[in-house]
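In structure tokens below, several structures.
The following pair of complexes shares a single chain, chain A, combined with chain B in the former and chain C in the latter.
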Partner chain A sequence: MECVFGLVGDGFALVAADTSAVHSILVHKSNEDKVMLLDSHKLLGASGEAGDRAQFTEYIQKNVHLYEFRNGIPLTTAAVANFTRGELAVALRKNPYFVNILLAGYDKDVGPSLYYIDYIATLHKVDKGAFGYGSYFALSMMDRHYHSRMSLEEAINLVDKCIMEIRSRLVVAPPNFVIKIVDKDGAREYAWRESIKDAEVSAA
Partner chain B sequence: MLPWQIFEYNGSALVAMVGKNCFAIASDRRLGVNLQTVATDFQRIFKIHDKLYVGLSGLATDAQTLYQRLIFRHKLYQLREERDIKPETFASLVSALLYEKRFGPYFCQPVIAGLGDDDVPFICTMDCIGAKELAKDFVVSGTASESLYGVCESMYKPNMDPEEQFETISQALLSSVDRDCLSGWGGHVLLVTPSEVQERTLKGRMD
Partner chain C sequence: MKLDLSGFESTPSLHGGAVDDVGEDLFSRPSFQLPACSDFDGFQKDAVQMVKPAKGTTTLAFIFKEGVIVAADSRASMGGYISSQSVKKIIEINPYMLGTMAGGAADCQFWHRNLGIKCRLHELANKRRISVTGASKLLANILYSYRGMGLSVGTMIAGWDEKGPGLYYVDSEGGRLKGARFSVGSGSPYAYGVLDSGYRYDMTKEEAAELARRAIYHATFRDGASGGVASVYYVGPDGWTKLSGDDVGELHYKYYPVVPTPIEQEMADAPAA
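And then the complex of A and B:
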């Protein structure tokens, strides 16, 4: 099952997600990127129903871009979080999206922030959060080792501890993870943690 | 999610009490998803204006949506009436908003507490479809409501002054949430008198 987790450190926020695309017992691909770059300083890690995930996150990304084009300035992380919650809340009683979201962003005045948004549109600003079966392991590891204002090295260490725990203790553990960070210099991919590489496809 | 489990999905505890020219409203701080605790600093009590507070228990997403709608309605009311809304009127507004969704309700049980005309304290609670329950002493709501009823009934005295009121409501909240696995992780108490508002965070059993 899909795992997404994230935390806030000293001047940065990071989101890690597994990279398997699964249907029933079949793994379609193991390098599916589930953490989307919303704009220069925001990351959206999403888990849940595959079609909803891809469609809803792209919808949020395009609306964030549209706001920036129309108004000349980007949205704040809090504004994007509330917009996302609003879209999920409106859809909830019509045609719900089954997508759980961790939104990480960096604003000049506020610094780094992380928002936990449930698929039923529960919004909460958090220092650490996780979704999926992996959350049982990731949250416990973070409860033990997390402290506020962690350095990047300490935070990546903690993320690796969480990944190790998920790999060793979850029966259908996803093999590969992607880690992305956002800080004052922007949102970017930090690293992959792969234990299975996709087979090379020979040219026809 | 089965219909009768939806009120227990996030977990909550709310209580409001009337004192001598003051009222106190308190909530727990846990935000959970069934058995997992997601946050321990979740806010359930919201300010409508200086002398009116509303606490929303039940499903957190509906509490947030309902709070946004209530703030919107009060801002409109302020623009039209050029004054703050009275607690009794606000209670009727909440009741009407909830009954509008009679056949697809917000899964919330509000607790409303305010100082009305001449600073007379007013408290009330209602169910998820807006059935008002006015009380002269205390009102409770949330997953810990049964424990809260018991503790409040034994600890409550009429006409308590603010300090005693604060002590009573804090002890009532903490001992009730200790018997409920879905609420707790501390408490948040607001004590409102005609001249000031005291906001305090309680540390209880963090489990």
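And then the complex of A and C:
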């Protein structure tokens, strides 16, 4: 099952997600990027039903862009979190989206922040969060080793510890993970943790 | 023992008889007529399940140095009955794009035809061909909007556009994946095994076609819902061409010819009493 987890450090927030696209017993792809760059300073890590994940996160991304075009300034992380939760809540009683989201962002005045958004439109501002079967391992690891204002090195260490634990203890553990980070310099991909390399060679 | 069910009756009786017509309409529970059927919910479920076949097929596609190879079997099955051995599962969307069929035949055929129309309209409106990315996104959005309504489509869109070869997997749950190697259907795990172990990016066209043919053959050998004819198509810069269509029964004897083996024991007549 899909694992997404994240935490807030000293001046940055990071989100890690597995990268396998699975259909019952088949792994169609092991390098599917599930952490989307919403805008220059926001990351959206999503897990859930295949169609919903891609469609809903793209919908949020396009609306965030639209706001920036219309108003000339970007939305704050808190505003995006509340907008996302609102969309999930409105759809919940009609045609629910089965997506779990971790939204990480950096605002100049507030600093780094992480929002936990459930598929039933729960919204919490958190220091650390996790979704999926991997959360059973990642949450306790983070509870034990996390402290506020961790340095980047300490945080990546903790993320690697969580990935190792998921790989060794989860029966259908995803082999590859992607880690993305957002800080004052923007949102970007930090690293991939691959144990299986997909033989995908693009045309020259 | 007669149970006292007066509590279940609608409100007018609680008011003790002083009921006029208006009161009866206001207080009676809303209801509508159900079809005369012993098990309405079960019937609904069966109807949906019947329309939604378990994608009994094997289709595959992969990108390699010279373009895209698309291959499929040709068997249609309804449960344990083989309804046809000659179904065209590779659908020609337009001269440079192919789609594969897995799931409901009608759904795949209709929506691929619809996609072909939309691609042509795009060409006419924008004076350039639509990309494989765009075509697959169009189809994925359409299928997503019908999510939960019982469509059964597991398709791969393969084509050649300005950026070179393109391959996308799109299904009726709304999923869309970009990749270099996919197999869809009940026989897909078998096909993946042969495809993954024999795949090299720098194969020649003949080697790639043979790999595809072999993968389909092995899937039809093990999967009861796949069989018939293994068709192999190639998509290159000038569009698609059909490379081969071989009966898998004949392929079996080609790959594993009958070897005369020494007779272990001959049956002899019973000795006379």
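Here, the second predicted complex is superposed on the first by the 199 of 204 C-alpha atoms of A that agree within 3 Å, B and C clash if a C-alpha of one lies under 4 Å from a C-alpha of the other, contacts with A are read in each partner's own complex, and residues count from 1 in each chain.
In the analysis below, contacts are C-beta pairs under 8 Å (C-beta built on N, C-alpha and C of every residue); 3 or more make two chains touch, one makes a residue touch a chain.
This structure is a prediction, so every number in the text was calculated from the model and none was measured.
Chemist: May I ask you to decide whether A:A21 touches chain B, chain C, both, or neither, giving the answer as first, second, both or neither?
Modeler: A:A21 contacts chain C only, not chain B.
Chemist: Is A:S135 contacted by the first partner chain B, the second partner chain C, both or neither?
Modeler: Once the two structures are laid over each other on A, A:S135 reaches chain B alone.
Chemist: Which partner does A:K62 reach: the first (chain B), the second (chain C), both, or neither?
Modeler: So A:K62 meets neither chain B nor chain C here.
Chemist: Touch check for A:A50: first (chain B), second (chain C), both, or neither?
Modeler: A:A50 sits against chain C, while chain B stays out of touch.
Chemist: On the A-aligned overlay, A:I120 touches which partner chain: chain B = first, chain C = second, or both, or neither?
Modeler: In the superposition, A:I120 touches chain B alone.
Chemist: On chain A, which partner touches more residues: chain B or chain C?
Modeler: C
Chemist: Return first, second, both or neither, reflecting whether A:R188 touches chain B, chain C, both chains, or no partner chain.
Modeler: neither
Chemist: Figure out whether A:R169 sits in contact with chain B (first) or chain C (second), or with both, or with neither.
Modeler: It touches nothing on chain B or chain C.
Chemist: Report the residues of chain A in contact with chain B in the complex, numbered from low to high.
Modeler: Chain A residues touching chain B: 85, 89, 92-93, 116, 118, 120-124, 126, 129, 135-136, 139.
Chemist: Which chain B residues qualify as touching chain A in the complex?
Modeler: Answer in residue numbers: 10, 31, 33, 36, 38-39, 42, 59-61, 64-65, 104.
Chemist: For chain A, which residues count as touching chain C in their complex?
Modeler: 21, 23, 25-26, 28-29, 32, 49-52, 54-55, 95, 198-203
Chemist: For chain C, which residues count as touching chain A in their complex?
Modeler: 63, 65, 140-141, 143-144, 147-148, 164-165, 169, 171, 173-177, 179-182, 188-189, 192, 199, 201
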